[in-house]
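One chain, chain A, links the two complexes that follow: it is found with chain B in the first and with chain C in the second.
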Partner chain A sequence: MKRHFRELSVAAALLVVLLGLAIVAPAFFQPQPLLSLLTREAPTLVVACGMALVIISRQIDISVGSQFAVCSVCGGLLAAKGWPLPLVFLSSVLFGAIMGAVNGWLVAGLRLPSIVVTLATMVTWREALRWQRQGEFVNLPDGLQWVGLSQIAGQWTLILAALALLVLLALATKHLSAGRFVYAVGTDAEAARLAGIRPQLTIFFVFVFMGALVGLAAMMNVVQSPQVDPKSGSGLELKVIAAAVVGGVAVSGGRGKLWGVFVGLLLLACISPALTHLHIEAYWEKAIQGAIILLAVVADGLRTRKQRN
Partner chain B sequence: MKKIISLLLVAGIAFVSGCGKSDSSNSGSTTPDGGKKITVALMPKSKGNAYFISCKKGADKAAKELGVDLVFDGPTDPDPAKQNEIVENWITLGVDAIAVACENREGISTALRKAKAKGIKVITYDADALPDAREFFVNQATPEGIGFTLMDEAARLCGNEGEFAIITASLTAGNMIEWQKHIEARRADKYPNMKMIALRPCDDLKDKAQSETTALLSANANLKCIMAICSPGVPGAAEAVKQAGKTGKVKVLGLGLPNENRRYVHDGVTDSVILWNTEDLGYLAVFAADSLAKGTLKTGDKTIKVGSMGEYQIEGDSILLGKPFIFNKANIDQFDF
Partner chain C sequence: MTKSFGAVRALKGVSFDLHAGEVHALLGENGAGKSTLIKVITGAHQPDGGSIKINGESVSQLTPASAHKLGIACIYQQPALFPDLTVAENIGLRLESASVFRKVNWAIRQQRAAELLKRIGAEISPDAEVRSLSMPEQQLVEIACALGAGARIVIMDEPTASLTQKEQHLLFAVVKDLRASGVGVIYISHRLEEIFALADRVTVLRDGESVGTNKVGEMNESSLIKLMVGREVSAIYPPSESAAGNVVLSLKNLGCAAGGVENISLDVRAGEIVGMAGLVGAGRTELARVIFGITPADSGEILLNGQRITISTPKEAVAHGIAYVPEDRRRHGVILEMPIAHNMTMAIHDRVFPGTWLRFGAERQLALDFTHDLGVKAYGPDAPGGSLSGGNQQKVSLARWLATKPKLLILDEPTQGVDVGAKSEIHKIIRRLAKEGLAVLMISSDLPEVLGMSDRIAVMRGGTITAMLLAKTDAHEVMAAALGKQN
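Take a look at the complex of A and B:
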């Protein structure tokens, strides 16, 4: 119980918000819009899981939004060329992994700070895409939407796929040695090295894995509509970092649980539609989201201080 | 390791500098009767952009009717510095008139002033430079025209009464606030039974527009119409309406491009896409540049006679293209941009 205190308090906050909505705006719980909301967040959850691992290893990757856009457009173009869908998914994952490897090599290989490296790649990928597409949408062939299923079946498939990935990753970080390496490197890289772990190699693969997940998430988003917006994924990095931090992942590395990230993401994702249902002006949306993040960070800060004393 | 980095750097520089190659054709040829043929140089913000390719279609038509030489050149990607370079080239070539869609208002003005000083007639279209750097601006749409057309069209789709919501790019974007003012003015004046119930920002992203619209639809059971005033907002709103199974029950309209909305217009989700007629814009730009070079258009004129298209109003130094154009099921397939 005490080990999960941080995550449980976020879950409690989410419950309070949902209960409040149930009383004041029961229309929020209509099945179709709720299903749509969850489907929209499924790709975000996949990226947030990757980001949690990156932050746990005491790094950061702010280029995920740009990677997402590149994968979406490349995947979309391949699909428009008539490539079979599984191959398109695979290519997108590969593109993401390659971009992740670039980050990983610069951070782990050249020992450059990840904030600077991923800032550079964020701008580079985004501008390269702008130069290439000039903002033009990619129109996808018919039948690609919902991977050829009906809308409801497609939505459930995406949601369940994201949840399955979450559970698998949560188990893997706990029970596989690779998962424990990530925590060890984030807690104390030097101690990890002395224990026989290769911190730089671990960090490299964390970035590659992050990229691969972005590639998968990009396609999970592409199949939700008949066209690709080349600007898609703008601001995604902030959304997933916020979800991770609110969900209890320590910015100082080494601590955090994936299910907490899931709850954090749900809490943040609720805010915007909740405001619409409460007929509160949109001006408040970012302020409230910011306040939640601030609260989470302050709570973490106070806790570490208490532990130290 | 060092070698690889320097290689990457060189590749990067080559990549950046290779972005814009211009292909200006010759000018200064003469007409059969010996008089000097007029050369009009037309610059888009960027050459590959479908929007400007559509403008060029109209420009070509005007050039053919007028018998002028048309030079069409611009940066490969929107690049203010490259625009300056091309204007400098045109000054050297000695073209008669220049019409520019400016990427950067201040950035281009010095080069345009220089062209003016050399006796070249300068106008801007689509996006203006500083007023003293050009003689006329061909204004594709006034905020009033856009706001009024959007509101008129929304009222028509709703039968003059009911609730509607607006999706904007951001709550602080100057042009959108200006449009909203005119939308509200028109509503208050002509359609008192229409009620604006919500204004939501979509950060200029299609995906966010979809999420916002989904929430709007579930929170407001009586919503009759979604008006998106930023271009990614229109297909985003349409996708949300389609997924909610409210096609036809909730009308979608907005400012956008035909290609991004074609599918939804054909499916009956989106009713009207509003923009200006880009071909007419190119046509008018070339015509105005030519008239200025020939001396038939002067500062202070109140109208300009434009070949096959009749008379256009001039307000101060703005030549007005007139009312926005409405793309719908009937005409959208005639446009490809």
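Take a look at the complex of A and C:
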């Protein structure tokens, strides 16, 4: 109970919001819009899981939005060439992993600060894509949308896939040595090194894994529409970092749980539709999201200060 | 003057006085209370009791800023300058008023810097970036700052530790100039010859107490060393019961330029505790880091059970059966945020968890076993490392390494900052481990501990082993070797 306090308090906040909506705007709970909302957020959840691991290892990756766009376009082009769907998914994951490996090599191999490295790769991938595609959309072949299923079945598939991945990753971080190492490296890299763990290798693979998840998420997004927007994924990095922070992942590394990230993402995601149903103008969304993030950070700050005293 | 840190009493009623125009040396073993006394004088620590008088006036609530105003300046071993600014800018920052929007008069700043540097005979350009200066040059800049601030009390903490012979002579000349101009100098050094060359009086601290202030002329090296160690090894240490077996670790001419150790030859046998004595900076921790692959050796050989091995990362050292319980347990020994069970299995994941998944049951059992075996006082395997007392944290750190089933255990200051009860428990554990056939290399600055625990004692000085002594030796002999004097 005490160990999950941070996550539970976010869950409580989410519950309060949902209860409030149930009373004031029951229309929010219509199944079809809700399903659409969750489908839209499914890829974000996948990326947020990766980001949580990156932040737990005391790093940051702000290039995920650009990676997302590159994977989307590349995957879309392969699909347009007639590649079979599983192969397209796999290639996209591979592209993501390669971009992650570039980040990982620069951060862990050359020991450069990840904020600068990923800022540079963020701009590089994005601009390379713009130069290559000139903003052109990729038209996808029929039968790709909703992975060839009906819309409802496709939506459920994506949501359940994202949730399954969340559960799998949450279990893995707790039950695999690799997960333990990520926490150890994020808390104290030198102590981890003295215990025979290789911090730089750990960080490298966290970035590679992050990239692979972005590749997967990109495909989960691509199959939701008939075209690929080369500008997709812009702002994604902020969204997933926000979800991680609100969900209780400490920016100072070493602390956080994936299910907390899930709750944090839901909390941030339901604000926009909630505003619509409450007839509040949409531009309040960012302000409210900002306030929630600030609240989370301040709460964490106060908590660590209390622990220190 | 008294000062305690938690349960540790660092200063137990020390009295110290400094006259204008004298060099007063401060001498003592590691942990005798020199640094604490200096920090109280410079206002970095608030004393728990006692009083400070400067020019006959009582000073209460000394802070670093007010100490500075009172003319107290301290020159540390590692100069605290801004490396990217020039010498003149650094001096200016110390001496000019600190208001935010004042106009900087560059010409005056330059001129003053040049004058101050000239006064101490330093050939340093005021325009040079501090980064480009050598360590002694930076120390001279510090002295120039102190001089420019009109310091009446200058504290020098081992100023010659990194200086060459020639630079030392230059520094001595500067110190003598300071003395001649009426400045009181507190001079801390482990080098006895410097104290005889430079100081007027010498105060020896031991275990947080002053054991005497004497005129240097009335002392000789032997009497000073006697004052420094001057206590009997009490019988609280468990007796050695083990017979030394085969040689486990053998170092042959081992060196590492980056770590500052050279030409180390040493054998450690199974069942034997080899103590490592020496002063801070003698290279003992550095040697441990070389053996453990943190700063890998670049010359010489390491033999483990007679086989030549190379160790270039801690992971390889662990694989070879070497364990290193580091000095700073709060930073490197125990991950404070993690439960003690996680801490204990940190180094043996591939051994306790051979399959895919972690086995929490096995981990818990291992933690319970070690908790029981070593007498760790914690509410359970889930207790975070940070919730334990220092001694218990040290036991957790020890458990992590015993879990690797090592052949060689390197302990770095195993009882530093540990209360008396836990200390004797840790000593008993170390003895038992040796009896069970483990080869133990124990670095310690606690001289009675080294004497009471070791089967043999290696004394280091200046990055190499200067003496191998048998357990029957006494504190005087160890200290003499650590200070570089053979009687």
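Miscellaneous remarks
Quick note on the criterion: the second predicted complex is superposed on the first by the 309 of 309 C-alpha atoms of A that agree within 3 Å, B and C clash if a C-alpha of one lies under 4 Å from a C-alpha of the other, contacts with A are read in each partner's own complex, and residues count from 1 in each chain.
Assume a contact is a pair of C-beta atoms (placed from the backbone, for glycine too) under 8 Å apart; a residue touches a chain by one contact, two chains touch by 3 or more.
Source: prediction; values computed, not measured.
The partner that reaches more residues of chain A, of the two candidates chain B and chain C, is B.
Of the two partner chains placed around the shared chain by superposition, chain C is the only one that A:255 touches, whereas chain B remains out of contact. Shared contact residues of chain A, touching chain B in one structure and chain C in the other, are absent.
Listing the residues of chain C that touch chain A in their complex gives 292, 294, 313-315, 317-319, 324, 326, 331-335, 337-338, 342, 346-347, 349-350, 353, 356-358, 400. Every residue of chain B that touches chain A in the complex is listed here, in rising order: 1, 19, 46, 48-50, 77-78, 171, 197-201, 203-207, 210-212, 214-219, 221, 232, 235, 239-240, 243-245, 259-260, 263.
Residues 174-177, 180-181, 183-184, 187-188, 190-198, 254-255 of chain A touch chain C in their complex. Chain contact summary for the complex, chain A toward chain B: residues 25, 27-28, 30, 32-33, 36-37, 40, 110, 130-131, 134, 136-137, 139, 151, 221, 225-227, 229, 231-232, 234-235, 272-273, 276-277, 279, 281-283.
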